[in-house]
Amino acid sequence: MLRGLTRAGLGKIESNEQFIELAAKYGFQAVDIDAVGLVETHTVAGARELLEKNGLVVGSIGLPVEWRSTEEVFREGLPKLAQAAEAAAALGCTSCCTYVLPSTDLGAAHFMALATRRLRTCAQILGAYGIRLGLEFVGPHHLRTRWQNPFIWTIDETLDWIDAIGERNVGLLFDSYHWYTNGGTVADIEKLRVDQIVHVHINDAPDVPVEEVLDNGRVYPGEGVIDLAGFLQGLQRIGYTGAVAQEILTAEAPTDSPESLAERSKAGFDKVYAAAGL
Amino acid sequence: MLRGLTRAGLGKIESNEQFIELAAKYGFQAVDIDAVGLVETHTVAGARELLEKNGLVVGSIGLPVEWRSTEEVFREGLPKLAQAAEAAAALGCTSCCTYVLPSTDLGAAHFMALATRRLRTCAQILGAYGIRLGLEFVGPHHLRTRWQNPFIWTIDETLDWIDAIGERNVGLLFDSYHWYTNGGTVADIEKLRVDQIVHVHINDAPDVPVEEVLDNGRVYPGEGVIDLAGFLQGLQRIGYTGAVAQEILTAEAPTDSPESLAERSKAGFDKVYAAAGL
Amino acid sequence: MLRGLTRAGLGKIESNEQFIELAAKYGFQAVDIDAVGLVETHTVAGARELLEKNGLVVGSIGLPVEWRSTEEVFREGLPKLAQAAEAAAALGCTSCCTYVLPSTDLGAAHFMALATRRLRTCAQILGAYGIRLGLEFVGPHHLRTRWQNPFIWTIDETLDWIDAIGERNVGLLFDSYHWYTNGGTVADIEKLRVDQIVHVHINDAPDVPVEEVLDNGRVYPGEGVIDLAGFLQGLQRIGYTGAVAQEILTAEAPTDSPESLAERSKAGFDKVYAAAGL
Amino acid sequence: MLRGLTRAGLGKIESNEQFIELAAKYGFQAVDIDAVGLVETHTVAGARELLEKNGLVVGSIGLPVEWRSTEEVFREGLPKLAQAAEAAAALGCTSCCTYVLPSTDLGAAHFMALATRRLRTCAQILGAYGIRLGLEFVGPHHLRTRWQNPFIWTIDETLDWIDAIGERNVGLLFDSYHWYTNGGTVADIEKLRVDQIVHVHINDAPDVPVEEVLDNGRVYPGEGVIDLAGFLQGLQRIGYTGAVAQEILTAEAPTDSPESLAERSKAGFDKVYAAAGL
């Protein structure tokens, strides 16, 4: 499993280039990055070289389509999606992810129908480029009632939704934080087939009752109470070999330097990978 | 548009044969009937002859799959569905319908995902026999809160769901009662393409505030307050030529004889068809 | 049914604007035109106004995706498709068409599998904009052996393919020329449901044996031997109300002025519409 | 990887029970068997007990739908498919397979369209029971011209077809015999993702030029020239853990006793598993 980074948790990163260099310097193997931006700045060949030189692959790109709002807003994203998929594919990335909020102000059933169709279209476009779509279920309890109507947040609900979408290239973005806040066990991971996982996030949670864990209250791997050793072992047991990317969302931006935050991230990965025997 | 009957509203009908004869005697052209039962009693050839002799076609069959409950219950219906589709197709019927309750005790979004997948499978099986699947949105207000969570009940929501199901052979069962309780207008009908309609039900509503109309408080066409002339004209204008079947659901079974109820149904159709200029 | 024009058969048209003015001047009601180009030159509002002022709608746009070649070439078209669909939808156009050559140098079965997937993706993207995809079967006999392996060319094969693609918004581009060269009858048209037709082309054929009719040997409606009155009547009978666009492909470009060719086109339409009693 | 048997190659097996006992006696772990027949004779509980007592799982069932002929014949299989899927699921089997002949007397492109739709429907039905559909590409050269038109026979073509079918639960039945006759390499196996493989067959080929290998000229594993060690190692490397079932098709039925043929099969598996280091 590749050690991966997103920008979230690294403080004031100024550029893709800085992000890449920091990731490489601290032993990371994958970055979740804006492929289009990278290709526009460096050309495809240049971006490939930059990544290769730094020993990095692109773990995943974000879905540039807003599928949670109106039809008009959804459509606006489609040309961008084709471009993003093209750029990602050119850089060898095969994963594109989006998160699923656990409540909504729309009618839950109607929104599920709309979202099913919209994400099917996104999956089709991504599929043309050999890219899979990962859906991130979101576990923190406070978000389940943040909007008017409950939507979905469990692994099983999300897998059922993936079946409803019905495209071959859709799976889970599996985040330790959401697994934990859902009350997930290592056995829950081991019930999955590896092809059901598109991408993995790793984050830790503070030592508060699980019902009180906030989505933007994340801590660095190894600094909290989640059984990340079990998490990683479960993923390894089912054969996952892709990227495991940290995404530290916090209420206030960290004030430490990116350098020290990257170092701290490395220490966290060292700790939990060692605990998992990886 | 063919004048059609279901058994609902005809009192104690003893048999398919009695149903068919009554329908024919009172000038109806279509019956919504159990095709499997008819074929089992009469053979395909015999059932065809019986229908033809009485100048009737089969308007629609009911979906013999319970898609609203557990996976096990859903699966149990699938072999029956293939049989029902075969029998219906053998009798020239191209429509199979199911109703959609406007609330549910399940999580609304999760149930929508499950139902989307299940009805897609049903549509695929029906499609192999050239049969379309009609989804009946259900309008009465009391049912929207009858179970814990609101599901869907409007035309637009149902059309969006049909898009999410994504199969070519799925459309609406369009019932005047649900159109009325949804506050539908003739313009709403005229916005539809005819291929979006799989089957039509016609019923009338008593003169009470629309919010108080009960699902099992229906009256015979022409005996209530729904603008059935406008309803029929709207359907005609968009080119609908299929069956329009009466389905009088009442709290208590009618005590009149089937003969007199069929006569009353005919009078109702005569009245509203005349008002519509058909 | 709207009288429609493509540029094919109008000689040296210099611009979209000239095309629109000629179409309007000679009583046409629909133009098959490059929506993206029109919007880029005029803005959406300007293009709408230009069309409206000339009493024209956009009949159909061409599919800007090359689905018959490599995966790379296919992908290149996808961003263009989203843009084209957006432009077309902004102009009120709901139809996008592509032709299907009746033979191929690729393995026929393998190509069918690839093309099924590719056109499904195209249909999904178009569907997000409310646009349907029309597949034009191509009848002239010489093209059936023009490339190494026979593909498909009949109505029934194309309808079966549309079922295999499986999207709700795919149907036929029905061209009188291909209907004729396939040996089609008016009864063949009347067997269709109107929702199976996305767009219509009208062309006439010279008085040569049907096996010798060349794809680029077309003549103006009413100047040849095709039963265009029967063709139009059949379409009307099943309820078709969309555009019927002329597309005169010829071996050598016509040397007459666009003005005189448009006038000749009008005369052709006058003749066959009158013969059809339209 | 589970050692598996089909009846093909075991001579005159009299019953499912004999088949199961022989498989168990000679150390096999999986049988490809008629689940419906087993359940009808033994009940679900009895069949489960019989398998468990003998240390066997059901590797795969055959697809009871004839999708290569007319629409009528196809439909006849659908009720059987639901029953077979139900029986298989009750016995814990998650795989159902069918073979794809490399040539056809039908138009290749048209047949591909029909087969795509039909197998999608089969996959949907199987999917409702948690069962995957495996497509067996068939490699022997003589079959590529056995019927009038070439269809498909390579791994890549079959994977493209699986994409065209578009259902999540469709993959390959990967048979060493067809891999060999296609000129496949171990690298070709290692390019696959494990979720692309639904089931595996293992057979050996006589020492004749590969172009002359006959479909019904198979020999027992280890008695021929196929690199079965490489085959098994490749499968293991990508993480395949399912059944590997022998299917010895021969021109003439073997005359040895089932007992001695099962013993011989065991010897073959011992040899090639050992060579693969399993």
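Letters A, B, C and D mark the chains as written, and numbering starts fresh at 1 in each.
Here, a contact is a pair of C-beta atoms (placed from the backbone, for glycine too) under 8 Å apart; a residue touches a chain by one contact, two chains touch by 3 or more.
Bear in mind that the values here come from a model prediction, so they are computed numbers and not experimental data.
Asker: How many degrees of rotation bring the Cα atoms of subunit A onto the matching Cα atoms of subunit C, given to the nearest 5?
Answerer: With C-alpha atoms aligned, the rotation comes to 180 degrees.
Asker: Count the C-beta contact pairs for B-C and for C-D, then tell me which is higher.
Answerer: Result: the pair with more contacts is C-D.
Asker: Quick check on subunit A against subunit D: do more than half of the interface residue numbers occur in both copies, making it same, or fewer, making it different?
Answerer: Looking at both copies, the contact residues mostly coincide.
Asker: Between subunit C and subunit D, tell me the centre distance in angstrom, where each centre is the average of that chain's C-alpha atoms.
Answerer: 45
Asker: Find the geometric centre of each of subunit B and subunit C from their Cα atoms only, then give the gap between the two centres in Å, rounded to an integer.
Answerer: 37
Asker: What parts of subunit B, by residue number, touch at least two of the other chains?
Answerer: Residues 120, 127, 163, 166.
Asker: Under the definition above, what is the set of subunit A residues touching subunit D in their complex?
Answerer: Answer in residue numbers: 127, 162-163, 166-168, 193-195, 239.
Asker: Applying the document's contact rule, which stretches of subunit C touch subunit D when the two form their complex?
Answerer: 104, 107-114, 116-117, 120, 149-152, 157, 160-161, 163-164, 166
Asker: Tell me, which parts of subunit A touch subunit C in their complex?
Answerer: Of all residues in subunit A, those touching subunit C are 71, 74-75, 78-79, 81-83, 86, 118, 120-121, 124-125, 127-129.
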